[in-house]
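Both complexes below contain chain A, partnered by chain B and then by chain C.
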Partner chain A sequence: MSLSLFFHIVDLETKKLMSYRVDFWITMVVNLVVNLVILWALWTAIFAESGSEIIGGWDLPGILSYGVMVFLTGRIVRGGDLQMTVATDIYEGALSRFLLYPRHYAFTKYAQQVGNVVPDLFQSVLMGLVALPLLGLSTTTPITPLTVAMSIPTILVAHLLFFLMGLIPQYIAFWADNVWSLSVMVRFVTMLLGGAMLPLSLFPDSVQQILHWLPFAYLFEFPTLVILGKVDFSQWLTGIGTCLLWCLALGVLSIPVWRRGDLRYTGVGI
Partner chain B sequence: MMRYARLYLQFLKFSFSRALEYRMDFWFRIVMDCLFYAVELVFFTILYQHTNMIGGWDYDQVLIFVSGYLVIDAIHMTVFSNNMWWLPIYVNKGDLDYYIVRPVSSLFFLSLRDFAANSFLNLLIAGGILAWSILRYPGELGTENLIWFLFLMLNGSFIFYVLQMLFQIPVFWTHTNRGLLTAFFSANKLMERPDKIYSKWTRRILMTVFPALLVIALPARVLFDGPDPLLITHILGVTTIAFLGMRAFWNLGLRSYSSASS
Partner chain C sequence: MIKVRDLRKVFRVHQKEPGLAASVRSLFHRKWVEKDAVTGSTFDVKEGEIVGLIGANGAGKTTLVKMLSGIIHPTSGEAEVLGYVPWERDNDFRRQIALVMGQKAQMWWDLPGGDCFELLREIYQIPRDQYQQSLKKLTEMLGIGDELKVQIRRLSLGERMKMELIAALLHSPRVVYLDEPTIGLDITTQRAVRDFLLDYRRENAPAMILTSHYMEDIERLCERIIIIREGDIVYDGSLERVMREYAPYKQLRLHVHRTAQPQPELELLEKMGQVIECEPGSICLRVDRDKIPEVAAELLRKYSVIDLSIEDPEIGDTIERIMAGRTADSE
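Take a look at the complex of A and B:
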């Protein structure tokens, strides 16, 4: 797929989303306020009532920074809510139009997904500028220009991983009428096991060992640890490499599902 | 009243027969909600590995609080959720015409018409989790406390519905209410945490302006601390005001409705 075509689709999707500006600002303000209130209230209560200064390797400012950064990076990784469009295209027969395109359907959808990220990226940067000075930067989680630079490719790869993780459940729409609940299930599991709700260091050791072998940590926790300066250069390279391997594995896995589904597709909608 | 009861019975019959048409979706949804319950319970279980109390509640109390929230969520998903989903579509397409000309309250019809039969099974599962969490509770929970708790939980489901409607009704004036709804679902997280973790002013706001704590946190307080008449009066008073406000807002919305593409 040529880069110019890819960025043309990205541009179209961004413009589409930005046309609803009131929605854009309401979502941003409420999300930010609610998440900051809960984050601050919950963790100050836990630290006060437990009497501990360190929980799961984090002090209070550190875990607050983690909470803010995992929320902001998570918004970019999830990249809007395009996941259901694949199933909708199949269900309504709109997929036929994409099959006539000179590029593979998944590539077109990924370009659209990237277009959805641009407003989220803009919102996350704005929210970060507001939230981080309010919470105060932790001394145990130093955010530097280098960690920010390292986090950019990490988030990009995590975004691709999230897209591919959601693709196979969407392809199930070739066989089932409604797969909305499957997508929501993927979201629940990835949020918990990916570290979006809690740092994975708070999980019991045995669970942490299992999670080490699964792709979820690379979605939310790993990019957050990178930006907070908790990952050194060699760990970062290993992490990016592992994440790319998971992308490759999921991409390869999606091919036979697509081929079988494509054979079943009648193009008239269900 | 009997006319409305008979009408609701028809809604139930129709919803069950329709839900069984899409069997795979029927089971997917049940698994999805079970996963949601598991995630909520695991979240607090992990937190309690590192502390004994959160917001003045121990693990056994939080289990009842979370289970209560799951029941309220299941009631909402079963009774109201599908109807909330369709409302903006009806308004934008002009399909509301068919409902406002009927000889019954349009608010009743549009809020309760679609009963989610698959979520009803989840309601039974959530109810089971609540019963389990109450039965395993090591302390003494008085019968009077329990009755008030169950009553205030039903009241909490109703507030949940009223709050969502307040975020839905602006669709009469705006082209889309997607942003408002996203904001509502985001703000819902406030009700999923114990009330005592919030500061004094945040609690006041969450008990009046956006009464999220009335949904389950305060009913759970009544269960553990006993029925405080002042608190119960506050909960029921705010519920009444919120409902009357929502109904007035609905009527205002209907007056602005001008059929298709309004």
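Take a look at the complex of A and C:
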């Protein structure tokens, strides 16, 4: 796929989403308010109940910063929540249109996914500017321009990894038609094991050891820890390298699944 | 341009009895049946030819089109389109074909046509000059211009179909599949689409396969038709031949002076052909094509005729009979 086509699709997807102004602003305000209230209520209660000022290496402003940052980076990594579109294309037969184009389907979908990131990125920056000053200063999370800059490549590779992790379960739609429940389950597992709900440092050591070898942590927790200044340069390089290796492995694995599934495609709906 | 040999497609379909108990049972055990959608089709289509693919719903027309456009894989058999195997989806092959689906919008619903076409220019890598020329020509031929700036979802069905046609033909495909391109359109738009397709064919000479339930589409656009019944090709030939072979008769209708001939003689008429109507003042006979001059002369001699007309049977009726597996003789 040519770069100009890739960016053209990104541009169109962005324009499409931005054309629904009411939806754009309501989504942003409601998401921010609901998440801030839940985070604040939950963690102030936990800190008050425990009576300690540090839990698992986090103070209250620090864990709240983590909660906000993982929410904001998570929105970018998930890229507009397109994770069901591939399965829907297969189920409804909309895939037929893409099969006619002289471009690979997965590349086209990824370009669409990137296009969906742009409004989320814009919203996340706005929400960050509003939310972070409200959380207070943390001694455990030193956010600096350098950490923000270092987080950009980690978010980019996390975005690709999230797309590829979602691709194979969605290809199951070639066999099972409706994979909604599977997608919800995958989403829940990736959110939990990826650190989108709470830092993985709060998990038992044995679980952390296992998670270290799995791709989940690189989706949400790793980019967030980079922003919060909790990752040094060598860990940052290793993290990006590991994430890219997982992308490669999942990308390669998706090819035979696609080929087998494609043989079963019936192109319903036309 | 299109070569099809013994192409076959079998679908595996899950069968479920109605009712809650059957739904519960199907959670544990499912009954699958094999359904032959296309059973060994063989035909060729030449450059510049428009072939009408006709059949009842579920006859296998669209499945055939889906295989020839590379959307689905066949169960067995061979096909070559422009020298490529369609379902291998070579990019060079896909740059030279188009599929218009009347029942399924292919354009981006939330975007104006202009944006969609720009994206297609990128997808098909159409040089800017060629793209602008094609777009100008196609929009002029279909009589749309201002609509290019309107979101697709806000257009009328007819305008949307015109956009679909432009989208499909922008890259000047050499093979075009049209799956019910006039479905749901009003008569004026249907006519405009037909005229457009004929103009396009005249200028570009692509091979076209058209499926439609509208006989007017077939009559206006196709010299040749392929009739499919339950996945099987039962007729492949010219429209003219279908009438000769499957409707070897014409209808001869007479209006006669009642006073001169109060009641026609039935026995005499039955010797001439099949009597459809025999009333005082009106006679209608179904007569073999080669006997028409002789019977007409006899009737003119016998009766005081006010008016005589010789009609071909409706082509739609004839094709419907073939699709249903009936012939004129069997009726």
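One rule holds for everything that comes next: the second predicted complex is superposed on the first by the 266 of 270 C-alpha atoms of A that agree within 3 Å, B and C clash if a C-alpha of one lies under 4 Å from a C-alpha of the other, contacts with A are read in each partner's own complex, and residues count from 1 in each chain.
Note that a residue touches a chain if its C-beta (ideal position, glycine included) is under 8 Å from a C-beta of that chain, and two chains touch if they have at least 3 such contacts.
Just so we're clear, the structure is a prediction, and the values are computed from it rather than from any experiment.
Q: Just checking: does A:G93 make contact with chain B only, chain C only, both, or neither of them? Give me first, second, both or neither.
A: second
Q: Taking the superposition on A as described, I'd like to know which of chain B and chain C A:L12 touches: first, second, both or neither.
A: Touch partner of A:L12: chain C, not chain B.
Q: Of the partners chain B and chain C, which touch A:V30 in the superposed model: first, second, both, neither?
A: It touches chain B, and chain C stays clear.
Q: So, does A:H212 touch the first partner chain B, the second partner chain C, both, or neither?
A: Neither partner.
Q: Please determine whether it is chain B or chain C that touches the greater number of chain A residues.
A: B
Q: Applying the document's definition of touch, where does A:T266 land relative to chain B and chain C: first, second, both, or neither?
A: second
Q: Using the touch definition from the top, say if A:A45 reaches chain B (first), chain C (second), both or neither.
A: In the superposition, A:A45 touches chain B alone.
Q: May I ask you to decide whether A:Y101 touches chain B, chain C, both, or neither, giving the answer as first, second, both or neither?
A: second
Q: Would you sort A:M191 into first (chain B), second (chain C), both or neither based on which partner it touches?
A: The answer is first: A:M191 touches chain B but not chain C.
Q: After overlaying the two complexes on chain A, where does the chain B footprint on chain A coincide with the chain C footprint?
A: none
Q: Of all residues in chain B, which touch chain A in the complex?
A: Against chain A, chain B makes touches at 22, 24-25, 28-29, 31-32, 35-36, 39, 42-43, 46-47, 49-55, 174-176, 178-180, 182-183, 186-187, 189-190, 193-194, 196-199, 202.
Q: Could you list, by residue number, the parts of chain A that touch chain B in their complex?
A: 20, 22-27, 30-31, 34-35, 37-38, 41-42, 44-46, 49-50, 52, 55-56, 176-182, 184-185, 188-189, 191-192, 197-198, 202-204
Q: Show me the residue ranges of chain A that touch chain C in the complex, using the header's touch definition.
A: Within the complex, chain A touches chain C at residues 2, 4-5, 8-9, 12, 15-16, 19, 93, 96-97, 99-103, 262-263, 265-267, 269-270.
Q: For the complex, give me every residue of chain C touching chain A.
A: Counting only chain C, the residues touching chain A are 11, 62, 66, 69-73, 89, 91-92, 94-95, 97-99, 101, 103-104, 106, 108, 110-111, 115, 118-119, 122-125, 151, 179.
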